[in-house]
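What follows is chain A paired twice: with chain B in the first complex and chain C in the second.
Right, the complex of A and B next:
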C-alpha cells in the first residue's frame, strides 16, 4: 500500500513538473515579448521628445543666424551636441536618453540643416534618432521642420 | 484510528494544488504585463502620429506665411510709398486655419504691418495656436450592470 501511494505521488509530481514547464515556457515568452515591446515604446517615446526638442530649438535659432554654420553652433551651445565636418549636429544618448559619450551610447540623434529652399522660401532641417549599434542602425523616429524667416524692408 | 501520513509528509494532491495556484499567478501576471505594454505601445504610436501630423501642418502653415509675406512685399512695392493704397490692397489682418485632426486645428493670425525703415518686417504673428474644437462630447458613461 505504501509503495503504491509513493508511486502515485511521484507520478503526480512528474505530471506537475511537466505542466509547470509547459505553462512556464508560454508565460516566459509573454514576459519576454512584453519586455521587448516596453523597450521599443521607451525608445520611440524618447526619440519623439528629443526630435521635438531639436526642431523647436531650430525654430528659435533661425531668425538670428542666417548662416548654417552659425545656426549649428548656436544649437550645439544650447543642446550640448557636437558639430561634425558636414555641419550636422550629433548627440549620443544612453538607454534612458541621457546625453553620454559615444562609446557607451545606445542611441544617437542627428540633426541636419537643409538650408533655404528658394522655391518655397522656407528654411528646413530634420532630426532623426537612430540606434547606435553596428548591427542595427535603424531610424527610430524622424521629424522634418520648416520655417519661414520674415522678409524685411531693404 | 489515526490516519497514516505519506512517506514525504505531504498528501497526494497538494503539489497539484500548489501548481494550479502558481500557474494561475504566472498566467495572470504574464497577461497583465503583455496587455499593459501593448496599451503603452499603442499610446506611443498615437503620440508619434500626432507629433508627425502637427509638424506636417506646421510646415504647411509656414509655407502659407511665406506666401503671404511675398505677396506683402510685392504689394508694398506696387503701392510705391502710399500706405493707404497698401492697406487697401492687403488689409490689416490675415488669418488661416489648418486641420491637425478631427478635434484640433492650428489657427494662425497675422497683423499686417507697413514697414517704415530698413529692417522692418511686413507682418507680425499674433496667433499661432492649436485649438481644440468646442463641440466635443466626452463619454462619461460607465458600463454598469443594471
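Right, the complex of A and C next:
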C-alpha cells in the first residue's frame, strides 16, 4: 500500500515536472527575448543621441566652412572623431557610448558629408551608428541632415 | 525478503525527494532569472528616461527660445547656467537653466529680479543630476555636459537656428 502511494506521488511529480519544463522553456525564451530587446533599446537610445549630436554639429560648422574638408576637420576638432581617406568622420564607442579606441569598441559612428546639391541648394549629410563586429555590422540608427545656406548658388 | 522490500522503499522515497529537490531548485532558478531580467530592464529604462529627459529638456528649451541673441552662457551665483531671454511687453524676462543641490533647475525671472547667492535655491527642480556644464563652442554651436543620477555622462550639442 505504501509503495503504491509513493509510485502515485512519483507519477504526479513527473507530470508536474513535465509541465514545469514546458512552462520553463517558454519563460526562458521570453526572458532571453526581453534581454535582447532591452540591449537593442539601449543601443538605439545611445545611437539616436550621438547621431543627433553630429547633425547639430554639422549645422553649427556649415556656415563657416564651405569646403567639405574644412567642415570635417572642424567637426573632428569638436567631437574627437578621426577623418578617413574618404573624408568621412569615424568615432568608436564602448557599450555605454563613451568614446574609446577601435580595438575595444562595441559601436562606431560614421558621418558622411554629401556636400551641396546644386539642384536644391541644400547641403546634406548623414550620421549612422553601426555595430563594430565583423559578424554583425547592422546599422542601429541613421539620421540624415540637410540645411539650406542662402546665397550659396551663383 | 523483508529487508529488500524495505531497501526498495527507502530508495523510492529518496528518489522522489531528490526529484522534488531538483524541481524546487529549477523553480527557484527560473524565478531568480526572471527577477534579474526584470531588474535589468527597469534599470535600463530608468537610465534611458533620466538621460533622454535631461537631454531633450535642454534641447527643447533652446529651440523654444531660438531667437537671435536670446541664448547665452553665463553663471548663476557661481553655477554654470544657460540663460534664455524672451521679450514680453517690451520687458526682457530670463530663464536660467543650471544644476544646484543635485537637481537640474529652472528659474524664470523678471528684469527687476536681483540675482544673489540665494537665487539658485529659488529655481524649480526638474530632474536629479550630478553635474551640468556648458560652453559656447562657436557663435553657432553650444555644448552641454549632463551627468545623470546614475553617473551617465551625456554630451549634447545644439546649434540654434537663429544664432546668426
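Note that the second predicted complex is superposed on the first by the 150 of 154 C-alpha atoms of A that agree within 3 Å, B and C clash if a C-alpha of one lies under 4 Å from a C-alpha of the other, contacts with A are read in each partner's own complex, and residues count from 1 in each chain.
To be clear about the criterion, a residue touches a chain if its C-beta (ideal position, glycine included) is under 8 Å from a C-beta of that chain, and two chains touch if they have at least 3 such contacts.
Because the structure is a prediction, the values reported are computed rather than measured.
Colleague: Answer with clash or fit: chain B and chain C placed together on chain A by superposition.
Modeller: Here chain B and chain C can both sit on chain A without a clash.
Colleague: Counting only touches as set out at the top, which of chain B and chain C does A:9 meet: first, second, both, neither?
Modeller: both
Colleague: Which partner does A:98 contact after superposing on A: first (chain B), second (chain C), both, neither?
Modeller: second
Colleague: Counting touched residues of chain A, say whether chain B or chain C comes out ahead.
Modeller: B
Colleague: Of the two partner chains, chain B (first) and chain C (second), which one does A:141 touch, if any: first, second, both, or neither?
Modeller: The first partner, chain B, only.
Colleague: Treating the CA centre of chain A as the corner point, state the angle out to chain B and chain C, nearest 10°.
Modeller: Seen from the centre of chain A, the opening angle is 60 degrees.
Colleague: Using the touch definition from the top, say if A:19 reaches chain B (first), chain C (second), both or neither.
Modeller: First partner only, chain B.
Colleague: Per the contact definition in the header, classify A:150: touching chain B only (first), chain C only (second), both, or neither.
Modeller: So A:150 only meets chain B here.
Colleague: Does chain B (first) or chain C (second) touch A:41, or do both, or does neither?
Modeller: After superposition on chain A, A:41 lies in contact with both partners, chain B and chain C.
Colleague: Please work out whether A:78 is in contact with chain B alone, chain C alone, both, or neither, and reply first, second, both or neither.
Modeller: Touch partner of A:78: chain C, not chain B.
Colleague: Which partner chains sit in contact with A:27 here, chain B, chain C, both or neither? Use first/second/both/neither.
Modeller: Both chain B and chain C are touched by A:27.
Colleague: Looking at the overlay, does A:120 come into contact with chain B only (first), chain C only (second), both, or neither?
Modeller: first
Colleague: Measuring by CA atoms in the overlay, how small does the chain B-chain C distance get, in Å?
Modeller: When the complexes share the chain A frame, the smallest chain B-chain C C-alpha distance is 5 Å.
Colleague: Using the superposition on A, tell me which residues of chain A are in contact with chain B and, in the other complex, with chain C.
Modeller: Common to the two interfaces on chain A: residues 2, 6, 9, 13, 16, 20, 24, 27, 31, 34-35, 38, 41, 45.
Colleague: Note which residues of chain B are touching chain A in the complex, please.
Modeller: 6-8, 10, 12-13, 15-16, 18-19, 22-23, 26-27, 29-31, 33-34, 36-38, 40-41, 44-45, 47-48, 51-52, 55, 58-59, 62-63, 65-66, 69-70, 72-73, 76, 115-123
Colleague: Can you check the complex and tell me which residues of chain A touch chain B?
Modeller: 2, 5-6, 8-9, 12-13, 16, 19-20, 23-24, 26-27, 30-31, 33-35, 37-38, 40-41, 44-45, 48, 51-52, 55, 120-122, 124, 141, 143-148, 150-154
Colleague: Spell out the part of chain A that touches chain C in their complex, as residue ranges.
Modeller: Against chain C, the touching part of chain A is residues 2-3, 6-7, 9-10, 13-14, 16-17, 20, 24, 27-28, 31, 34-35, 38, 41-42, 45, 49, 53, 56-57, 59-61, 63-64, 78, 96, 98.
Colleague: Given the complex with chain A, which residues does chain C contribute to the contact?
Modeller: Within the complex, chain C contacts chain A at residues 8-9, 12-13, 15-16, 19-20, 23, 26-27, 30, 33-34, 37-38, 40-41, 44, 47-48, 51-52, 55, 137-138, 140-141, 143, 152-159, 161, 164.
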